[in-house]
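This report refers to the structure that appears directly beneath it.
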Amino acid sequence: MTKKLRMGMIGGGTGSFVGDIHRKAASIDGMIELVCGAFSSTAEISISSGKALNLAKERCYSNYEEMIIKEKALPVGERMDFVSIVTPNNLHFPNAKMALENGFHVVCDKPLTLTLDEAFTLKKIIKDSGKLFALTHNYTGHPMVKQAKAMVAHAELGVIRKIQVQYLQGWLSTAIEKTGQKQASWRMDPKKSGIGGALGDIGTHAENLTEYITGLRIDEIAADLGKFGKGRVLDDDGNILIRMKNGAKGTISISQIAVGEENNFAIRIYGEKGSLEWHQENPNRLITRWLDQPQKVYTANGNGLYPEALAASRIPAGHPEGYLEAFATIYKNFANHLNAVNKGESVANPDYPTVDDGIRGMKFIYAAVKSDKNNTCWIKV
Amino acid sequence: MTKKLRMGMIGGGTGSFVGDIHRKAASIDGMIELVCGAFSSTAEISISSGKALNLAKERCYSNYEEMIIKEKALPVGERMDFVSIVTPNNLHFPNAKMALENGFHVVCDKPLTLTLDEAFTLKKIIKDSGKLFALTHNYTGHPMVKQAKAMVAHAELGVIRKIQVQYLQGWLSTAIEKTGQKQASWRMDPKKSGIGGALGDIGTHAENLTEYITGLRIDEIAADLGKFGKGRVLDDDGNILIRMKNGAKGTISISQIAVGEENNFAIRIYGEKGSLEWHQENPNRLITRWLDQPQKVYTANGNGLYPEALAASRIPAGHPEGYLEAFATIYKNFANHLNAVNKGESVANPDYPTVDDGIRGMKFIYAAVKSDKNNTCWIKV
Amino acid sequence: MTKKLRMGMIGGGTGSFVGDIHRKAASIDGMIELVCGAFSSTAEISISSGKALNLAKERCYSNYEEMIIKEKALPVGERMDFVSIVTPNNLHFPNAKMALENGFHVVCDKPLTLTLDEAFTLKKIIKDSGKLFALTHNYTGHPMVKQAKAMVAHAELGVIRKIQVQYLQGWLSTAIEKTGQKQASWRMDPKKSGIGGALGDIGTHAENLTEYITGLRIDEIAADLGKFGKGRVLDDDGNILIRMKNGAKGTISISQIAVGEENNFAIRIYGEKGSLEWHQENPNRLITRWLDQPQKVYTANGNGLYPEALAASRIPAGHPEGYLEAFATIYKNFANHLNAVNKGESVANPDYPTVDDGIRGMKFIYAAVKSDKNNTCWIKV
Amino acid sequence: MTKKLRMGMIGGGTGSFVGDIHRKAASIDGMIELVCGAFSSTAEISISSGKALNLAKERCYSNYEEMIIKEKALPVGERMDFVSIVTPNNLHFPNAKMALENGFHVVCDKPLTLTLDEAFTLKKIIKDSGKLFALTHNYTGHPMVKQAKAMVAHAELGVIRKIQVQYLQGWLSTAIEKTGQKQASWRMDPKKSGIGGALGDIGTHAENLTEYITGLRIDEIAADLGKFGKGRVLDDDGNILIRMKNGAKGTISISQIAVGEENNFAIRIYGEKGSLEWHQENPNRLITRWLDQPQKVYTANGNGLYPEALAASRIPAGHPEGYLEAFATIYKNFANHLNAVNKGESVANPDYPTVDDGIRGMKFIYAAVKSDKNNTCWIKV
C-alpha cells in the first residue's frame, strides 16, 4: 500500500468541533495521518492540543508560520505533505497562501476566503504554486448526492426547470454569540466571517450543492436577508430567488434562526421528465419521481445505482453512513489525487471541490449581499 | 335536528372532479342536501347531470339564470337556501352576483373572481345583500391546520420570523391543455382563469394558508414566474419572496410543472420560541420544534390538542381523515352559521373563508404578476 | 341514475362512533340513503336518534324487531332494501337472522357473530334466504390494499414466504371499561364481545387483510395472549405465529395496550422476488422492494397502478383519502352488487367481504384462544 | 493524552467487510491503533493484508498462534494490548482462549462462540485470566439506544408490557452461498456458523438489544424457524414469541430472505405509561408515545436527552452519525475501561457488551433451535 499521506493542521484545537471532524474524516480511510499542527492562535493551546492528540512534541507548533517553516526544513518523506486549514474564514487566505508558497498542498474549509478579492488572488497563488487545493464542501461526498448528480448527467430528468433548496438551522435563534459561545462569536463577527453570516456558513453549501448536482450555473439571484438576532450586523436568515443559466428558476432558503431545526439541508430538482429529492438528515435515501412511473427510492449501496454512487459507499446497504463518511470522501478523493500526482500520474476529473467552487461561493455571497442592499434586485453571480 | 339546508349547484356536471368533491363535502355531515342545479353551460348536460344525481326532474335547470329565477319563485321552505358555485373562475362573479341579488347565500370556489375589480364589486354586493358568502379554501379545514393556528394564536411559537411555503404539483408538466384535457384547458386560458395560472389555482391556497395559520398579513411580495409548458401565456410555476407586516420574511414556491409531485402543499413557520411544519399529503400530523425541548408531533384527534383542532376531527385518532373531510368542514361551519342566522342568532367568528380572504387572494395574484413584469421588484399586496 | 338504495340501521344511535361512520360511508357515493333505523336497545334513545338524523318520524323504530316487521309491511319501492347492523357482537346474529329471514339484505360489522356456532348457522341462513350479505372489513377498501392484492395476484412478488402484521392501539392501556366508557365496556365483556377481546376487535382485521392481500389461507396459528388491563377476562394483547397453507410463515402482533399507538395497522409481505409494506395510518402509499431494483412507492391514484386500485380511488393523486372512503368502498361495492341483482344481472366476483370471511375470522379467534389455553401449541384455523 | 492502545487483529483480511469496519471503528476516536494482525487463515493473504494496511512487516503474521506468541515476546509498551477477533464464529473460541491465556485482552465479534459449551468455558477462561473481554453488539452504541435505555431505567415508560422486534434483511433471499459469496458461505455452514444461521447473525442482535434497552431478561421463547433458501440446513428466517421475566410478552421476527430489506432492525417497547420506537436505518431519531401527551421525537445530540445519550454522540445534532460511530462507541468504552485498568483505577459499570451478553445470545440460539425442533414449544432461555 502507498504510505499514508502526512497532514499538518492549522486551527481545530481542543474543543473545536470542526477540527475533530476534519481529523476523523482525514483518517477514516487509512490514507492520511496527522503528523503536526498549529491548532490555535494561542501558542499554549496550540501545543497542548497537539500533545492531547499524541503528536510528537517537536511537531506541536506555536503558530502556523512556525509550522510551515519548520516542516519545510524537514526531509522529504518526513515533512508534512499537505496542510488542512480549519480556522475562521479570515485566516483561510494567509494560511493557504503561506502553505502553498512554501510548497505544501492544501485542504481548506469553506467559505474560501474573507473577501472576494482574496479569492481571486488565492486562485492565482494556487496556479503559480502548482499545488493541489481542495475545499471541503462535504455534502457533495454523500453517495446519494453522487447518484443525484449522475442521474442528472445521464439526462434521466431531462432539462432542469425548477430547483428548491433549503438549509435550515436553529442554533442561532437567540444571540448566543454574546454569551461567549465560540462557534457563534466568530461567525457573527464580520472581521472574521466576512460580509456574509449564514450566507457564508451554510448558503455557500446550498449554492455549491445546487451547482454540483445539476451541473448548471446560477446566473443571477435576488436576495432578501434577515438579521433577526438582537444586535446582529450579519445575516442569520436569507430568502433567495435563483435563475440558472439554462433558464431554470428556483429558491434557496437559508436560516440559522429556524427554531428547532438541526441541520435541515434539503434539495429538490425538477426536470422535464423526472425529479429528485434529497435530505441531509436522512442522507442514505434519494427520492425520485417521474412523469408516468411510481416513485423510485434509491438507497446508499442499494439497487440500481450508478458507479459514482457505489464508489462513495463504504458499508453494505442499510447500515447508515453519515456526515463523517461524506466528509471523509472529500479527503479520500483528494488523497487519491495527491498520490497519483506523487507518482507522476495524471487524473482526469478528480472529484472534490476546488478553488473554482470556492470562488463561486464567494461570488454568491457578494451577489446576495448586494441584491439585499439594493432592495432584492437581480444580481449576476 | 335542524332540517337540512337545501343547496343548489352551479357547475360541476358529470365528469367534473370539483363538483363531485363539493357535493360529497356538503353532504358528509348530514346538514346539507342538494336539491337543484345548473351543472353545465350546455343545457343538455346540465339536465342530464342533475338526473344522474337523482334530483327531481323539474329542478334540473338548463342554466343558472333559470335556476335562480325558478327557485326564487318556490315557496320558502322548499326553495334552495344557498348556491354552491363550482364553475371556472370567470363565472364566479356573474353566478354569485345574481344569486346574492336574488336573496340566496353563496358558497364559492376559489379564486374569488376573474379580476380584482370584480372582487371589490362582489364585496359590495355581498354587503348590500346581507347574505352569507363562503370561499372554499378547503385546506384551512384540516384539524392539524386548526391546531397550528391555535398554537400561533396562543403565542406558543412567539413572534413569527420566517415562513416557508411550497405547493408543488406536476400534472401540467406537459402542455396537456392542448390535448383537450378539460381541467387544464380552462386553467391555462386567461379568459377563464384570469391573469394568474398556477397563481390562482394553487398560489391563492398558499397565500391563504399562510395568513390563516399565522394570523399575519403579507405586506409585499417579489415574484419570479415561469411559463414552462410550451405555448403557455399563464404562469405554471412561481418563486416568490414574501415580507409580512410584522417583519417576518419567507418564500412561497408554487409549481404545476414539478414532475412527479402530486399535491405537495407544505408549510413551515418559525417563531422566536418554536416552529411548526405541516404537509397536506400526510395531513394528520403536525410537527413542532422547540428551543430546548424535543420535537412534539401532534396527531388529529390525538393528545394535547386545542379545542379548535378537536372540533374539526370526526373519527378517532389514527383513522386517517383526508381531503374530503377538510373540505366538508368549510361546508359544516358555513351551515352552522347559516342555521344560526336563520334562527336569528348571531355568531361571533364563523370559521370559514370569506370574501375578504378572496380579495386577499386576488391582490396576491395581481401583486405577483405585477412584480414579475417589473423584474421581481417588491409589490405591496 | 339508478334510484338510491334504502338502508335501515340497527344500532349506532346518538354518540356512537361506528354508527356515524357507517352512515357517512354508506352515503358518500350517493348510492344509498338511510330511511329508517332502530338505533338503540332503549326505545327512547332509538327514536330520538332517528329524529336527530332527520328520518321520518314513523320510521324511527323502538327496536329492531319492530323495524323489520313494519318495514316488511311497506310497499316495495318504499320499504328499506337492506339492513346495516352496527350493534355489539352478541346482537349480530339475531339482528341478521331476522333481517334475512324477512327478506332483507344485510351489511354487518365484524366480527361476524358472538360464537363460531352462530357463524355456521348464519351462513346457512344466508344461503337459504338468497339475500346478499356483506361484512365490513373496511381496510380492504383502501386503493393501496387493492394494489397490493393485485400485485400479489399478478405474481409480481413471486411465491410468498414471510408475512408480518401488526395492529397496535393504546386506547385500552388502562381499564377504562370500568369508568363507563361505552366502547370499552362491551368490548371487554365476554357476553357481548365473545371469547375474544382484541382478537375480535382488531385481530380479525389483521387475519382478514393477510388473507385478502395474499390470496392465501392461514393454516395454523400459535398464540400467546395477554390480559394486561386490571381485572380483564378477555385478551387485550396478542402475539401470534402464523403458518400459511403454502408454507409461508409469519407473525401477527395485536394490542390495545400499546400505549400511545393510535391505529397502527401495518402489513409486510415478502415473496421470492419482491415485497410490499402498507401502513393504515399513511394509507395512500404502498412501498415495494425488489431483488435487484430500487424501492418503488405507489400512491393512491398515482402512476403505474392496476385497474383495481384506480377503481377504488375517488380523487386525484396527492389529495389524501382516508378511513371513511375505504369504508365507503365496501358499501359501494355492495350497492353495485345489489343494484345488479335487482336488475337480474349476475356479478362475477363482487369485491366485498362475505360470510365466509366472517367465518374465517371466527375460526381465527377460536384457534387463538385455544392455542393460548394450550400453552401456545399450534392450532389449525 | 494517554498513549493509544495497541490492537492486534485476527481475521478481517483484504476484502473483508467486517474487518474494515472494526478497524475504522477502533481508530475513529483516536484511542486505538492497529499494530499487528493475523488477517487470514492463509498465511500469504494474512501477510499481504497487513502490508496493505501499512503495518510493520515483522508484525504481519502468518497465523494467530504466531501473532500471540511473538507479540507476547515483545517488551511491554510495544507489544499489542488487546486482540480484536473478527473471524467466523467457529474460530472465536480458540482465538480468544489463546489470547486470554497469554495475557491479552480481547474484543470479539458476535455471536460469542460456535457452541454453548464453548461459551461457558470461555467465561471461565476470561475470569481466570483477569483480562477484559468485549463483545461487539454494535447497535447498543447508538445515542438513541442509550436514550431509550435511560428512559426505561428512569421508569418513564412504567412497567414494560409488550416488546416487538424485527430484524429484516433480504441479502440471502437466493442461495448465494452456492455462488461462492464469501459472507454467505460460512454463515450458512453449520461447521463455521454453529446451530443458528440468521439466529446467530442477526437474532442475537435482536435478543441483545431487547435486553439492553429494557434491562429485562427473556424468560422463554417459542420459535418457528424457516429455511427458505434452496438446500439450506440453517435457518434463514425466524418468527419467535418471547416472554420476559417480568411478565411482558412480545415477538422477535428475523429474516435474511425478506426481499429488498437492507438492514431493517427496529424495536418497539410498550410500558404502562409510555412507549418508544427505534429504527436502525434512521438511527438518530427516537420516537416516544404517551398516555396523554403528544408524541415526542428525540434526536441524537438534540434537546432533552439523558447524559448517557449525549455522551454517545460525537457531532452536533442534525449531522447524521451512523453504523460506524455506534460500532466505535463499543471500542471507545472498552478502551476507556482498559486505560482505567492500566492506571489501576476501577470502573463501576463499563458500558459495553460482555461475555455474559454473549452467553445470553448463545442460550437464545439454542432455545430457539430447540423450540423449533419441538414444534414451537416454549423453551427457557
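Letters A, B, C and D name the chains as they come in the text, with residue numbers starting at 1 for each one.
The definition used in the following text is that a residue touches a chain if its C-beta (ideal position, glycine included) is under 8 Å from a C-beta of that chain, and two chains touch if they have at least 3 such contacts.
None of the values given here were measured: they were computed from a predicted structure.
A.B. asks: Applying the document's contact definition, name the chain pair with more C-beta pairs in contact, B-D or B-C.
C.D. replies: B-C
A.B. asks: Would you identify the chain whose Cα-based centre sits farthest away from the centre of subunit A?
C.D. replies: Taking each chain's C-alpha mean as its centre, the farthest from subunit A is C.
A.B. asks: In whole angstrom, how far does the Cα centroid of subunit B sit from the Cα centroid of subunit D?
C.D. replies: Computed from C-alpha means, the inter-chain centre distance equals 55 Å.
A.B. asks: Please report how many Å separate the Cα centroid of subunit C from that of subunit D, as a whole number.
C.D. replies: Here the centre of subunit D sits 43 Å away from the centre of subunit C.
A.B. asks: Need the CA-centroid distance for the pair subunit B / subunit C, whole Å please.
C.D. replies: 34
A.B. asks: Would you mind listing the residues of subunit A that make contact with two or more other chains?
C.D. replies: 261, 290-291, 295, 299, 302
A.B. asks: Under the touch definition given earlier, write down the residues of subunit D that touch subunit A in their complex.
C.D. replies: 1, 3-4, 17, 20-21, 23-24, 27-28, 30, 51-54, 169, 171, 261-264, 280-284, 299, 302, 314-325
A.B. asks: Could you please specify the touching residues of subunit D with respect to subunit B in the complex?
C.D. replies: Residues 290-299, 302-304.
A.B. asks: Once bound in the complex, which stretches of subunit D touch subunit C?
C.D. replies: 157, 161-162, 164, 166, 168, 170, 173-174, 222, 224, 226, 228, 237, 239, 241-243, 249-251, 253, 255, 257-261, 268, 270-275, 288-291, 295, 375-378
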